[in-house]
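In what follows, a structure is listed as structure tokens, so that the remarks can point back to it.
Chains here go by letter, A, B, C and D, matching the order in which they are written, and residues are numbered from 1 within each.
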Amino acid sequence: MVRENEIRQGERAVAPGELETHPGLAGRLIDGGHCLTLRVYYEDTDFSGIVYHANYLKFMERGRSDYIRLLGVAQGELFAKAREEAPGFHFVVRSMQLDFRKPAQIDDVLQVVTLSKEVSGASITLLQQVMRAGEVLVSATVRVAFVSEGRAKRIPDALRQATAADAQKLEAAAAEGAAR
Amino acid sequence: MVRENEIRQGERAVAPGELETHPGLAGRLIDGGHCLTLRVYYEDTDFSGIVYHANYLKFMERGRSDYIRLLGVAQGELFAKAREEAPGFHFVVRSMQLDFRKPAQIDDVLQVVTLSKEVSGASITLLQQVMRAGEVLVSATVRVAFVSEGRAKRIPDALRQATAADAQKLEAAAAEGAAR
Amino acid sequence: MVRENEIRQGERAVAPGELETHPGLAGRLIDGGHCLTLRVYYEDTDFSGIVYHANYLKFMERGRSDYIRLLGVAQGELFAKAREEAPGFHFVVRSMQLDFRKPAQIDDVLQVVTLSKEVSGASITLLQQVMRAGEVLVSATVRVAFVSEGRAKRIPDALRQATAADAQKLEAAAAEGAAR
Amino acid sequence: MVRENEIRQGERAVAPGELETHPGLAGRLIDGGHCLTLRVYYEDTDFSGIVYHANYLKFMERGRSDYIRLLGVAQGELFAKAREEAPGFHFVVRSMQLDFRKPAQIDDVLQVVTLSKEVSGASITLLQQVMRAGEVLVSATVRVAFVSEGRAKRIPDALRQATAADAQKLEAAAAEGAAR
């Protein structure tokens, strides 16, 4: 049972002065998306000596959360309006395609890269990669939908525009790469 | 954000016929408390090859949940009344004293024993032990309080009487043991 | 760091008498695969009120572990030989395709169905479904490879034959369904 | 089964240049101990809307890991020697006393403070607090022992001296506070 006053997602995703005090805590926006640096702790590993496969999904969810968080900071008022329209909004994962290429290990410093690929009215498709020192360990295509008060909702304009702009950058970069 | 129709804790802790179809899924009531049998999977271990210490707390919480679940089944109408009085009730842990004696390992079959020790108006103190083949691996004293709609509440009569009866059995057994 | 005497996976997946004492703890073999019944506890949910998406992967891994466990019991000596050839063997997930259709909630009793779909020399493709009362909540195609002493290995004969036999049953059932 | 070349704990807890590139990723040493800042994500919460109680133990373990990591960086050669003497060393928790005072919630930024309290030949007692904006949410007394190659070992000199020095600072601060 959730107390109303405990739900602050959507109302207060970033406290005043937080990003200044803790640079890097929420990762950073990059061209076309977001990058989060994190470390592998005991809790993330299993007895086979490497990161337990399901825990990469936690890393990716942290990346998505912080991507939205920083888009919100960058957009300011537009996001505030989105939050009014859709109180307590959050994302739910609809589908995932995962490739586990190489294992991460205890003490590793990892980068979680999140890129917007495709944005529709009701869902966003993201490319996500868990990397170590420039090498891709796990890659994923993730489709998320937007939920507010327990129901699928149209993605608020401010968020749709921000992620769509990132998706265009990704497409442009891919086209440029292909043209060479 | 929680949809109202998703909160079924308190309203439907055990589905009709469930205990008959899956005996042992919720463990079983024993003299003075409850015993749950479970197995250690990959997810529970860490790279050091043994169960990650925080995961014993998950095992104990499963034991507490199933203890309350089966008391509810045994009490029938009384619990139904308690649920009406306190919609969406659940327990929160206030304090724990934990001793980690021996490690559990992948594939181990464990017993989680939960015994009522002391019952007051607002909290219950439980003794919990995680055992393997009769040997105690982890032991704990756990104080839980009762919460409904986000606030500490008096423990419903039906639940208080059931756990207090178990606490008396434990005390009687201890006194008998001391008298010998 | 793992003590040699702590690694019992592969040497002792099921203790003598264990399955008799705790029927259903490891689920049961079904036509073409395996079915495990489990319950949703606090630990499995998140603040949005439903099961956290990454935790379905834990449920599926429990299903795969118990499927292999029970195949091992059914095969007896053949598996003992496989364990000698490949000490400390376990599976690693290479890829997953996941569809999250409906959410599971606290207290739900779920079935994890694991079916062999395709077996090659080095990997097994499984179909896995997390169900509630006959309804599919999450479905997945999972490719696992076989690892012993930190290296990809050819799947031992006993295990390959057992899963391939299950895969043939699945194919035959599908063909029969299509012919109708 | 753990590959020898996968065990890097003890050999490479911090990569060259890592702390410069990611300031704050491993927290920072403070007078008498260590402080780590982290954020609450979906994975940390449960359906009751707050952080699941067992997950505070994960936060505390991250704090302990990073405390040892930074002591190692500060000590340099002494720690390198300790690692030679005790390959693959890590800590195991022997006992914990936990008080859960107030709940943390999704999106919260938390501080995990770890202070050395008492150091003996074979174990270290730490005070740990999970805080939010200067307020203590969870406090713990944690006794950890030192393990290398699966056995309890005497704590290496370099580590014992570093934590004992922190314990003396804590005691001195407490005495000063009492004298006022």
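For the reader, a short list of remarks on this structure follows.
Simple rule for what comes next: a contact is a pair of C-beta atoms (placed from the backbone, for glycine too) under 8 Å apart; a residue touches a chain by one contact, two chains touch by 3 or more.
Remember, predicted model here, so these are calculated numbers, not experimental data.
Across the two candidate interfaces, A-B and B-C, the one carrying more C-beta contacts is B-C. Note: the chain lying farthest from chain D is C, by mean C-alpha position. Note: centroid distance chain B to chain C, computed from Cα atoms, is 28 Å.
Chain geometry summary: the mean Cα position of chain A and that of chain B are 36 Å apart. In chain B, the residues touching two or more other chains are 1-3, 6-7, 9, 42-43, 47-50, 54, 58, 61, 90, 103, 105-106, 147, 150. Across the complex, chain D is touched by residues 1-7, 9, 42-43, 45-50, 52, 54, 87-90, 105-106, 147-151 of chain C. Across the complex, chain C is touched by residues 2, 7, 9, 47-49, 53-55, 57-58, 61, 90, 92-100, 103, 147, 150 of chain A.
Considering their complex, residues 1-3, 6-9, 12-15, 18, 22-26, 37-39, 41-43, 47-50, 58, 61-62, 65, 69, 90, 103, 105-107, 109 of chain D touch chain A.
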